[in-house]
Amino acid sequence: MTESFSSRSLPSSGLSSERCSIEASQLVKRYGNVTAADHVSFQVYRGEFFSLLGPSGAGKTSILRILAGFETADAGTLLIEGQLMDNVPPNLRPVNLVFQSYALFPHLRVGENVSFGLEMKRVARSEIQARVNSALEMVKLLGKEKRWPHELSGGEQQRVALARALVNRPAVLLLDEPLSALDQQLRQEMQIELKTIQEQVGSTFVCVTHHQHEAMTMSDRIGVMHQGRMLQIGTPRAIYEHPANLFVARFVGTSNEITGWIETVTNGTGVMVSELKKPIVIQVSCPESIRRPQRVILSLRPEHLVLSSDECQVPAVANVVTGRVDKVLYGGHETEYVIRLSETVIWRVHLNNAERTRKPFVSGQSVRIGWHAGEGTIFPSEPPE
Amino acid sequence: MTESFSSRSLPSSGLSSERCSIEASQLVKRYGNVTAADHVSFQVYRGEFFSLLGPSGAGKTSILRILAGFETADAGTLLIEGQLMDNVPPNLRPVNLVFQSYALFPHLRVGENVSFGLEMKRVARSEIQARVNSALEMVKLLGKEKRWPHELSGGEQQRVALARALVNRPAVLLLDEPLSALDQQLRQEMQIELKTIQEQVGSTFVCVTHHQHEAMTMSDRIGVMHQGRMLQIGTPRAIYEHPANLFVARFVGTSNEITGWIETVTNGTGVMVSELKKPIVIQVSCPESIRRPQRVILSLRPEHLVLSSDECQVPAVANVVTGRVDKVLYGGHETEYVIRLSETVIWRVHLNNAERTRKPFVSGQSVRIGWHAGEGTIFPSEPPE
Amino acid sequence: MLFVVPLFIVLAVSFATRGTYGGIIWDFTLANYLDLIHPLYGRILGQSLLFATMTTMLCLLVGFPFAYYIARAPRRQQSVWLMLVLIPFWTNFLVRTYAWMLILRTEGLVNTLLVNWGMIDQPVQLLYSSSAVLLGLVYGYLPFMILPLYVACERLDPALIEAARDLYASRVAVFWRVILPLAKPGVIAGSILVFIPTVGAFITPDLLGGARTMMIGNLIQHEYLVVRDWPLGSALSFVLISVVTILLTIYATGGRHLRLDEVTR
Amino acid sequence: LAVVAVVLSSCGQAADPGSHTSGTAEVQILHYFTWSDYVGPEILAEFERREQAKVIVDVFSSNEELLAKLQSGATGYDVAVPSDFMVAIMRQEGLLAELDAAKIPNAVLLREHLQHLAFDPEQRYSVPYLWGTVGIGYDSQFITTPPDSWSVLWDSRYAGRISMLNDQREVFGATLRWLGHSLNETDPRVIEQAKRKLMEQKVLVKTYTSDHYDQLLASGEVVLAQGWGGPVARAMKDRPSIRYVVPKEGGTIWADCLVILGSAPQKDLAHRFINFLLDPEVAARTSERLLFAASPRSVASLVKPAILNNPAVYPPDELLGRLEWMRDVGQAVRAYDRAWTELKMH
Amino acid sequence: MRARWSWLRCAAWTTILFLYLPIGVLILFSFNASRLSASWQGFTLDWYWMLAHDRSLITAALNSCLIAAVSTGLALCLGVSGVLGLEGLRARQQDVIESAIMLPLVIPEVMMGVALMLFFVTIKMPLTVTTVILAHVVFNVPLVMVIVRSRLRKLDRRLTEAARDLGASRWQVFRRVTEPLLRPAIVGAGLIAFTVSLDDFIVTFFVAGPGATTLPLKVYSMIKAGITPEINALSTMVVLASMGLVGLSLLLQRKFA
């Protein structure tokens, strides 16, 4: 809770700027009638791994390009390492960008690509050599300096791009969808690698992604964006467990939802009547903000749900709904059950495939879903956006 | 087991071909010195969803292009719908291909893209209209006929490509990495959609992917490829729970491995001594094929592992190893713990985040990992490849 | 077929001898080539090559910014720009050259302006100078440089330029280290398309250069038409072809691209 | 794309001139291969009306081009207009058809000095049509004392204001005459000597040009120009102070002659055409338009006096003695050629 | 980026100015009373009037258009099909054939002309408009190929494969997919080819037959009698006309886009 709270605090709340390597406040960027960034404010602390998470078109890249200096914000102020960035050209900013599509120089060999930045900075030949090597070593590409970019696999190219940026020891490293082009296996490895590297060099990482799981596993804090607005900033746990609104709830994970009316609220725990065909009573923990009677949506995370077949007895849980298994998606270590509660209400529940003994549910079978009182989050049923 | 066994059976095992829409036997394709397909044999049954799974460069696309008729195999025979496909040009085959990057015609509107195939087949205008509409409806794009491809989001483009192929009612639909370009949310939706559509139209789908989870959730059967060879064919459960070799084991899911020597084997269950610093004894179920004493690798799936902190008592499991938490990767509904057993041995365990009460393990903490006797799979320690 | 045959005919002719009144007498001889072994022709060839090289350079200089600009302009505009480049060349070459003579001559546009602006008090001799020839040649072959350059620049991924900027490259550095190398194919193609015809050019030197010196083009022209010594002319042409081909091969391979299509890619 | 389309369509109409080559039309078609503008549109129209024929004019821009073309076997032309020395060559090359004097009554009415010329003594192949001289055009404002010798072209006072023809024979010709030799000198030593003279002169020369010295004179770029009479006369229109003189050492006389080609499909019509062009009154009109002298005797009475008395167009009779015809010098041409090239590279 | 942009724009416009300076002058002098356009002798439209009545000049102009258009058309057909054909071959063969085709770019014009003339004469082909067109095709094809090929290489091969997969025959693939996608390059190539052949003198002269006089031939042969400002008038019309067409096509684009 605390994190989730502190996370909502905006730069205005005067955090001492020597702790921050980026302070963006009220950034606005318009393209014609599209507003790519709509009064976006956030801070990134020194040495932290910060992710901008949002669907395609949310404005993530735009923000990143403003940080890098390729776009100038129409309004708002941006401080990097405490300095105002108004009309500082890209080549004079203490940041480096790893491009979504790597943008490796096709006419330069791997080594030359990596050394480019240093040469531009007129670093001594000898030092260049040393730093390039260490950078390549860090991304496990030592010995491939002489290759041409097109001779590398996607993952290798990605690492070259990384090295090319890291070798400059930037105060802030910006990454635009660094892993989007990789296949799953590589992706998972690179996620860990990136994190490790970041801890090694200890510089600030700002990473753009639309891959929720990726953002969560890598980041210290995440900023969720949508339609140019910053919806929530917080630790992965915070945004997953305490989403600020329905959009975030849906975007950062599976959200099983049920609409209903809050009846009574007694010190934090309320009673809600669902709108299903045969209404059922659900015990929820609901914030004071909720006036009653009010139409609300309860959003539940799959891991809080207990699945059991009709006949066998339900474990001791407060709330139970019934449904019919619509689809069974076998996923190796876990199986996902798509369950239909009513015409319109569809839930998704993951079950760990540990107990090989227990026979799995089959498609078409009717099941019970239960959860403990107070689980899940309540949102007003007409979300702000 | 049975599936996993039958799955290994080759076309030679004379399955009545009217059940098969594709029979490929001993296909060979070489590019210079690269062998993209090395005596690949498999059958695809009518109306089934078959996936070719493998890392980049495995030869998946090559196989698909042979099926579609863009490449001719250097050796081997290919029957589609019971007919020999030797020198039948692509435009005369009863198959349609959905390309990795869609390959929509940029100069044609969505509607024109979809109707292209029908016009080529000289279908009557009126019918074209009808079929195009139904196809677009199926992929939920009705009303967007007039758009240009570049005006669509990735997901929409993907669906257009699908519609363009489906509208021809092909006997076999080939898909090359159909979802690789989509972001996670879209991807999950499309996985389900694809499956649904396939069940609707009831035609055979052959899908290439390197995304293990995707293949499992969508497919009836999966063929795992590597370096041009077909390593294993079987249902998702079969290849996940009974991988034919170490590569498959590693590729289709997380494989936590420990090397050791088989000491004694008594009716199926053997005793293995690990090679960790302080050797421990492990009870395994091991196939007769294993001669002893032999060096083997035990591969365990994460969901079979039980994690517990040192002090608190271990649940009743036969085998226990100890390690130190190296990384904690919070992933929303579950958390992944990277645990170091020794310098070289690193395991990954997922824990469901259900019980909010239980305090999670922290990085650096030393833990115990336990599992039931007989869990996991044994492989000879020098894998065939 | 139609492409190679002429070449062989000429090759054959270059070994024949001249009839009394021109024309060809078919008896094999090396005389023509032997005649060419004379410093005079060496100087002529050298001079022509020099001019061609300078022209190519200038075309590059003028053409690159232009090509780059239109390549970066909005799609719709690009075609218009290209048309604008081509239209002047739908008028007659001779007339265009005459127009230049009008501009350059002593009471011509340039001199008048310069004098009026007081930059010079005395009209200067612009026409009938090698600079005038250069001007004419650059003008005449600029489009052949611009088009390939445009094609090359248009393919150039802006992200690369941004990447360079992000890696502390100044604008100049970006140009030298990124844009130019990436546009190299276009540069080479353009150079070839300009260099070849300029080596053989003969009208521009005559009109704008006052025919005070001789280019290989003039010489070949002269041999073929005035002296009616086709064998000698063919021999000359052949020497020219081989020299040019060799030079270009060296140049192109220097850029790691030999094939023309490679080059315009 | 629209552009291309429109152009294409516009060329649909252009198809007809091309199709004439097939010559299938019932009206006879005459192919006249000549210098551009040598025959006025109205004159052609008149002939066509008179003969119910069609005349298609094709043009060449130098005698050598004409020869090159015919030598290599181009056919289809009826009447051509080579210059004097070229007639000789074409005759030797057997490209010409014999004329039937009876069919060209006007041919006998030529001025004496144009009859029985060296390149066609019996007048069996050619009839002189337009003729003139090569001399010096000068601006009397600058050159107050009228020059009477080629030596003025070596006068350093006019450095940078002199233009010479861009034609090796004419340039050497003038020099040779000045040095007291023949235009058609074949002795390499003499040619060498002339070359040295010309090398001295080169520093004074602004440009060697055969095509736009009229402009140069008219605009005052140059005050001395070696050139044919016609263009100089043209320059006079724009700048009255221009004068023309053939130096006392004498210079070239030239004549463009009408010939019928051996391969001519329409020999009869060709004869009639030639005869028509030589008709004094037609010739006079041509002469006035082009400012070249016409060959028939009686044009004298028909052309405007202003033109008749212009020495640039009609050389005064006393001059005729000093003029010399240019002949093909055979293999000596290589000597000239080498000398010319060296001059250019000097 | 701003700064760079502005100076680039300046450069561009300067170039345009450079390209149009002489054009402006010749337009100006098309209204000059002086026949020699030696100096300004007052305004007149005579030249336009004469142009309108000069049959030979107009014929020549139309001839040029015809020849340029047809030869461009042919060159495009040959060039494009040639390029597509080349794509099929191995790299090695491609190189050989290609360098053969590129020859005409290297051969001096005169030589080209003479050679072609000899060629036609040897094969007993009467010199006509046809021969001119053929000759122009010879030196236009390489240009077309160079340009179109560069585009074809950028074309995504999977598009044509997709078409095939959807049941299109090779020809249909070309008509429905390849050609539309190559169109920009084809148009560009066409324009260049058109420009070149419109202005060619030497080659044309040698291979031109009776009745095949093109504008350049006409103009060059006018030298002896003096080039009249009619040509300026003509050029002016050409420039203005093509300008108009460009404007028109622009408007059309606007309308349809």
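So that you can tell them apart, the chains are marked A, B, C, D and E in the order they are listed, and the count of residues begins at 1 in each.
Rule of thumb we're sticking to: contacts are C-beta pairs under 8 Å (C-beta built on N, C-alpha and C of every residue); 3 or more make two chains touch, one makes a residue touch a chain.
All of these numbers come straight from a predicted model, not from anything done at the bench.
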What is the set of chains touching both chain A and chain C?
-> none
Busiest interface, counting C-beta pairs, is C-E
What whole-number Å value describes the gap between the mean CA coordinates of chain A and chain B?
-> 26
How big is the gap, in whole Å, between where the Cα atoms of chain A centre and where those of chain E centre?
-> 57
Inter-chain centre distance, chain C versus chain D - centres from mean C-alpha coordinates, in Å = 33
Note the residues in chain C that touch 2 or more other chains, in rising order.
-> 83, 98, 107, 224-225
Interface hub residues of chain E, defined as touching at least two other chains | 37, 39, 114, 118, 187, 191, 194, 220, 227, 242, 246
If you go through all the chains, which pairs of them touch?
-> A-B, A-C, B-E, C-D, C-E, D-E
Chain E touches which residues of chain C in the complex?
-> 2-7, 9-10, 13, 62-63, 65-66, 68-70, 72, 76, 79-96, 98-100, 102-103, 107, 109, 139, 142-144, 147-148, 151, 155, 171, 189, 192-193, 196, 200, 217, 220-221, 224-225, 230, 233-234, 237, 240-241, 244-245, 258-261, 264-265
Hey, which residues of chain E end up touching chain C in the complex?
-> 3-4, 8-9, 11-12, 15-16, 18-23, 25-26, 29, 37, 39, 94-95, 98-112, 114-116, 118-119, 122, 134, 137-138, 141-142, 145-147, 149-151, 153-154, 184, 187-188, 191-192, 194-195, 198-199, 201, 215-216, 219-220, 227, 231-232, 234-235, 238-239, 242-243, 246, 250, 253, 257
Given the complex with chain C, which residues does chain D contribute to the contact?
-> 3, 62, 64-65, 67-68, 71, 89, 92-93, 160, 166-168, 202, 205-209, 211-212, 215, 219-221, 328, 330-331, 333-334, 337-338, 340-342, 344-345
What does chain E use to touch chain B in their complex?
-> 156, 158-159, 161-169, 172, 176-177, 180-181
Counting only contacts in the complex, chain B reaches chain E at residues 68-70, 89-92, 95-97, 99-101, 103, 105-107, 116-117, 120-121, 164-165, 168
